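After this come two complexes, each holding chain A, first together with chain B and then together with chain C.
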Partner chain A sequence: MGFREYAVKRTINAILVLLIVATLNFFLFRILPGNPITHLINPSMPLEARTAMMKLWGLDKPLYEQFLTYLVNMFTGSLGVSFSSTKPVAAELMERLPNTVLLLGSATVIYTMLGIELGVVAVSRRGSSTDLATVGLGLLTQALPVFFLGLLLLLVFGYYLPIATNNAINFPLAGTISRPPPTDTLGYVLDVMWHLALPLATLVVISFGSYVLIIRNLMIDALSQDYITIAKAKGLDERTILYKHGLRSILPPVVTIVGLSLAGVVGGAVITETIFTWHGVGRYLYEAVLSYDYPVMQGTFFFLAVVTIVANYLVDLIYGLLDPRIKY
Partner chain B sequence: MVAGVLPLLVPKSLNVPSSIPYASGQVQERYPFNGPHVDELIFKYYASPDADLAALQRDEIEEVSDLVRTMDIETLSRDPNINVTFNLQTHYCYVAFNARMDTLNDVSLRKAIASLIPREQIANQLFGGIVATPMLYEVLPSFGNWHNPNVATYPFNIDRAKQILEQAGYRLGADGKYLDPTGKPMRELSFLSPSQEEAPTSYEIVRIITDTMRSLGINVRQITVAFDALLTQVYTNHDFDIYFLCVSGLGRYPRWIYDFYHSSLDVPDGDNTPGVHNDELDKLLTQFRYEDQTEEQAREHLWRAQEIIADNVWRTPVYSRYEIEAIRKGWSGLVVTRGVGIFEPGSWAWWTVHKEGQPFGGTFTASVGGRVRTLNPMFDTGASDQKIWNLIYESLISADPDGNIIPWLAGSWDIQDVDLPNATLGRKITYHLNQNITWQDGAKFTSKDVKFTYDYMIKEQIPTYLPAVEEVVSVDAPDDYIVVITIKSRSFFSFLDVSSVPIVPEHIWRDVGDKWRTFVPSEEKHSTVAGLTKEIGTGPFILTDFKAGEYWRMEWNQQYFKRHPDKAFQVEMARATQTLLPAAVVVVIALVGAGYVILRRRRRKP
Partner chain C sequence: MLGAVILAIFVLVAVFAPLMTPYDPIRDNFIAEPFALPGWYVIFPQYRDYPTNQVFAIEPTVDADNWVATVNGSIKVAGTSRQMSIGFRTTSQETSVSTVELAHRIKYNWAPPLTFIIRFDWSVPHLDKAAYELDIAWRTPKGNTYVVWTSGFSTQTVDKLSVDLDSKGTPFPLKTDMGLQWYGNVAEFIFSEKGTYELLLIFKFQPQVDGASSASATVGPLAGRFPGRVHGVLGTDHIGADLFSQLVYGTRISLIIGVVASLIAVAIGLLVGITAGFFGGLVDEGSMRLVDVLLVLPSLPLLFLFSGLFGRSIWNLIFLIGILSWPGFARVVRAQVLQLKTATFVEAARALGASGSRIILKHLIPNVMPLAYATVALSIPGAIITETALSFLALGDPTTPSWGRMFYSANAFGAFRELAWWWIIPPGLAITLLSLSFVFIGHALDEIMNPKLRARR
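This part shows the complex of A and B:
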């Protein structure tokens, strides 16, 4: 099978998966017990107002009609209109996406690089105290629940330290910017970075450990290969052996992991964004689930499904470019 | 009550909040509603109550509402910079019985169970005696004189419960469980509660009640379900024996009693979950809700209805939560609104709050409380939204902190009974609008705006205002400041409903048409006034800047028709100074220059 055939097969596969996900995406939320109207209107409103609200949002229509409307909304990219905010879901997603990409994108870059670097350092000093400390740290941070670390950082840097130091050390309790924000560009950028610090630190600390362990394990295997022995015999320096020969050979699985985390970059970190009141996609999803906002839940999950499927698809296609041993 | 510096109101006993005076009076004299006093309000959003509290303690915000955790209240009470206030609100938690089911269709059993609820224990043990007060009345004391204190109550009394059961023919069997009056073992009752993970307090309350019931010999089992599943089971399917739930935000008048107990609302998703069908009660509630022409008549019928409700115990109240707010010290002019509190939506403190020793100016920063969903006044989705748009949009009438109706956009009104076609009793209400009102963008407020608002809500069948406008027959605007609304009802509440809808500006909304569902005025730039959005009302604050999910900044409306005369004077003085100062400087320079020239010329003369 050549590359073209493989690409066609993968494309059909991806479309089928998307259709299945789209169907589940609609029906799963309908199975949930409860009624969105209870979250959409003042509970003291009489039944007639609630009934009118059902009609307004098309929730009185038969399920198949709602499903058809949903499919049209999803595949035309409009994603519907939020019950809660009354704004188009696509527009709200795009409004929040930059914040999420900023947080998750920078976190992914930092923890990936940190994880790779520490993994390589650990394997280069295998059995030493550095190796033990790195692995131990990786295991510990990986096991930390994100809500615990997030709240802990918030409590220490957002509450106790500001009070103890009379705001000399002071990190924000909430938000992506100050309320109201600085008006000059440099001040605004610095303000965003200041707000980014704690959620970014949370995500980096929680995530780098798994990369350390993966890289270390993959590198142990790679460094036992014959071509490494040859490289050593050729008298190449350790750094070249580690990075140009060892690390290069383990890139395909690393790219897979990074590719899969791309969905997370746009999907947001639900818990972290909620704890730090970060105005991103993760918090959007959390709020939508709480308020039974079907269009937002559907639209966001559909968007994430598309990103995940496309990321997987691309990773599969570029695999061969990274590893000449792979044939289609 | 206009409070000065609030004392630290930590209740030593559960009766402390009743000391707040709720008596009606000549409110216009007691409450001089001119405002606002501050220049600016900033509402900030924090995603968790913990962040709210930390922000208050860090001096990022001045106020936090709706505190519910005992631990937080104790922490804040110890903070020397913070005052904590307690007020009765229109919230209560209750146990409801399904009167459609056998066993529970027996009022004696319901009365016995109502007497087995250890309300004091619940309030003290689960709420530390701080957050909640035991409640025996369906219409809470916070509803003022709508509350009938002379109804049957069922305080915790195990002996009385036993006595009620025995008098009704229930006997204890050999296994220590009650037999029903026919001598058969009483079937096992299910008592629904939310799960422990989802609502630990509700779960614990039901556990305490079911333990007490079992200790007496009533066969009952606690069944936990997800909260939303519980709502479906109770409201939609009526598939339950007994459940425990809470309601809040019941409004200024106890109109919900009709929804809770009228037989017409015993339908799927109706509020009459116990399945009440009582002809006398139906008649009283219909009179109260739809026929009584005066507040006094409505109150009389509601008092009688409360007696029937209390005698039949379809629901039994358990406790009512206080509205607990924390405010940083140094603020004055706080107004406690009955059933609401100090800074909740629709409260008066936003008009009157100011820094101690500084009657005007400054910025008051508060937590917005929850997620702000939409600032479209055609929706009524939550307290956080209302907190903002209540300061922008206003109605023809309002209510003072004691709940008395007061004129607002309409300075006065005349009500005339009319007979409509098909022998329908109707009313013609003539509103005389205040003539000094402008919209926040400077346009004149006239009767055309009022007529437009009602016509628009009727044409578009806006769900939120449907109950208010469906009785409107016609709206006329004979001149710029008179509006005549004819309604097909003579009910006291119809007048209230019709007069309480937020009035929107015609010049903004006329182009919206049927797109109102997705129209978010705050997101669209004003077409003629730079710096403003289409979120334009007549209210005391203008939304000048916001970032969704972060903050909302509101500046005081300098043209507000109820602006404080002293603040207005200060502004005029500042404006005059600003305008005149350059002119004065020019004049002084010119005079000095002229004097200098004249003097020099004189010196040169021989």
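This part shows the complex of A and C:
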């Protein structure tokens, strides 16, 4: 089986999973006791107004027709209309997406780099205090719940630090940008980064722990291979052995782990966004759940699921490309 | 080892929760002042004289320990253990007001309280051509008298009235009399110095017409309290509930959630993994697709949906966490079963004519159980943290005293503004420690069960 067949198989698999998720997502909302509309419309409203609203949201048609409309809507990107704000869910998602991408993207880059660097350094000095500290830190951050870390950072940097420094250092407690936002470009970027600091730190610290431990274990395995002994015998310097021979050989599984951990990171991002009231996709879903805004719940969840499925699919493909040893 | 010790401590705390704290974590509110500091804060000099709960009870008798009566006019006072009777009777043509001042001495040697609370029953069963008034007042060591409550002059008899006086509700005119603004704190103002204070109940009677007039009044036992500004091990929350008891009872909930949810997950994982691995074919294909789906789905948003859809009882949560966390384990079990299926001892059993169920029960399950033990230990922290995260986000069970609920209230009701770290850090540390203990135990079990891992170290 060549790479092409592998890719085809993965693609079919991803599409299958997407379909299952879409179906699940639809029927979850239909097995509810009562009608979604009862949660939104005041029962004292006149009947005509209620039927008009039913029609507006397509809730008066038979179930299979609702399902077909739903499928078409989901895969064409029109995710329905929010009950509470009466705006299209897709438009609201797009408005929040850049914020989430900024938070998640920068966090992923930083914790990946940090995890690799610390993992490699720890392995190069196995048994040293650096190694022990890295393992300890990894275990600790693995056990540390994301909301606790977020609240702790908020308490220390948002409340105690301003008091200790007499408001000289004043971390923002909430939001994505100051109100009103700064007008000049540089000020704008700095302001966003200032708001980003605490949520970003939370996500990085939470995610890098398990990551550094995995890198360390993989590296220990990789460095016990024969070719490393040969490289050492050739008299190559340590850096070259560590990074060119050791690290490169473990990159494929590392890519897989980054992909697989994405679902967890999305979950962590939802909590982080909620704690720091970051105007992102995760908080959007949370607010929808609190206000029983079904189209938003359905659309946002579908969106998050599609993103993780696609990311995993891409990771699988990259893995196939990276590692020629893979058995398709 | 360390893990086992930490876990043992948590289990003991969970089992003996009622012995460790006398308070109910949900129902007992206003045990002390809201946002009371932890009790051990008194070791710091600036908090040395902060009061814990100061309670006083006064029997309705006339003696030096209880009430000292100072009569001015035609009043007789007699007390029993149940109630004190105050009789007023004029025979001549008096029109002046008669008063009786019942005084009780209280030593107050602490920093000013934020509140005082006074409760007692009183009545005026008999009135004949007379009017009455009851005032409650404090006399400070300097001799100033401040009225904190008054019934106002009345000519109506009353059968039984309860005074339930909270100094935070002192009427504005009385505050003005003390020279306070509308937002001023009466308790802090009156008890601004240390010394002996007097609680005064002042009855006033006035004849309404010329000639004989009479009246009688009763006062029951009085209970009073200065809610503590320091309290217990971890202080109190925004409604004066004991935080230590919430922490202790939260241990129970967290352990139950962790253990039950991960047992559910492991049971489903075993079932699916073994059937998929053993029977193969369509069963295998179908269940592994389901595993694929569940593995890539972001589980926290999915739990959001579920709790939004199915309600927020604690058992719902446990069940949902359980049925969402089995896929990874099922995959591992399946791989193990596939390997075992071709092992010689299984083939030998098959050749001897053993049935499928016998092979599963006698050969497969005993061989995958070691995996299951480690998985239970390793998946418990995940379940605990997930529940806490959901409760923290107000998607948990609001009637269960869990650690997540503590976080939620701390975040929602101003723990940050009040810098109440004792409300935020202890539950977080507890979760971290408990998770760590399970991680240690899980890794240790893993190492014992899979000797291959030992070489790695």
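Criterion: the second predicted complex is superposed on the first by the 279 of 328 C-alpha atoms of A that agree within 3 Å, B and C clash if a C-alpha of one lies under 4 Å from a C-alpha of the other, contacts with A are read in each partner's own complex, and residues count from 1 in each chain.
Keep this in mind: a residue touches a chain if its C-beta (ideal position, glycine included) is under 8 Å from a C-beta of that chain, and two chains touch if they have at least 3 such contacts.
Computed from a predicted model, the values in this text were never measured in an experiment.
K.L.:
Using the touch definition from the top, say if A:I309 reaches chain B (first), chain C (second), both or neither.
P.N.:
second
K.L.:
Contact-wise, after the overlay, does A:A49 reach chain B, chain C, both or neither (first, second, both, neither)?
P.N.:
So A:A49 only meets chain B here.
K.L.:
Give one of first, second, both or neither to describe whether A:L260 is in contact with chain B, with chain C, with both, or with none.
P.N.:
Touch status of A:L260: second partner only.
K.L.:
Applying the document's definition of touch, where does A:L139 land relative to chain B and chain C: first, second, both, or neither?
P.N.:
Only chain C; A:L139 stays clear of chain B.
K.L.:
Between chain B and chain C, whom does A:T274 touch in the aligned arrangement: first, second, both, or neither?
P.N.:
both
K.L.:
In the superposed arrangement, does A:P62 touch chain B (first), chain C (second), both or neither?
P.N.:
A:P62 sits against neither chain B nor chain C.
K.L.:
Please indicate which partner A:G158 is in contact with in the superposed arrangement: first for chain B, second for chain C, both, or neither.
P.N.:
Both partners.
K.L.:
For A:L16, using the defined touch cut-off, is the partner it touches chain B, chain C, both, or neither? Pick first, second, both or neither.
P.N.:
second
K.L.:
Does chain B (first) or chain C (second) touch A:G2, or do both, or does neither?
P.N.:
In the superposition, A:G2 contacts neither chain B nor chain C.
K.L.:
Mind sorting out which residues of chain A both chain B and chain C touch, each in its own complex?
P.N.:
On chain A, the residues that contact chain B in one structure and chain C in the other are 32, 151, 154, 158-159, 163, 274-275, 292.
K.L.:
Going by the contact rule at the top, pick out the chain C residues touching chain A in the complex.
P.N.:
289-290, 292-293, 295-302, 304-305, 307-309, 381, 385, 388-389, 392-395, 407, 410-411, 416-417, 419, 421, 424-425, 427-428, 431-433, 435-436, 439, 456
K.L.:
Note which residues of chain A are touching chain B in the complex, please.
P.N.:
Listed in rising order, the residues are 32-35, 38, 40-53, 55-56, 81, 84-88, 95, 151, 154, 158-159, 162-163, 167, 173-177, 179-181, 274-277, 279, 283, 287, 291-292.
K.L.:
Enumerate the contact residues on chain B facing chain A in the complex.
P.N.:
42, 44-48, 50-51, 54-55, 57-58, 60, 225-229, 231-232, 236, 247-251, 256, 259, 265, 267, 269-271, 371, 373-374, 376, 379-382, 461, 463-464, 466-467, 470, 517-520, 523, 545, 547-551, 553
K.L.:
Going by the contact rule at the top, pick out the chain A residues touching chain C in the complex.
P.N.:
On the chain A side, the touching residues are 13, 16-17, 20-21, 24, 28-29, 32, 139-140, 142-148, 151-152, 154-155, 158-160, 163, 217, 220-221, 260, 263-264, 266-268, 270-271, 274-275, 282, 285-286, 289-290, 292, 297, 300-301, 304-305, 308-309, 312.
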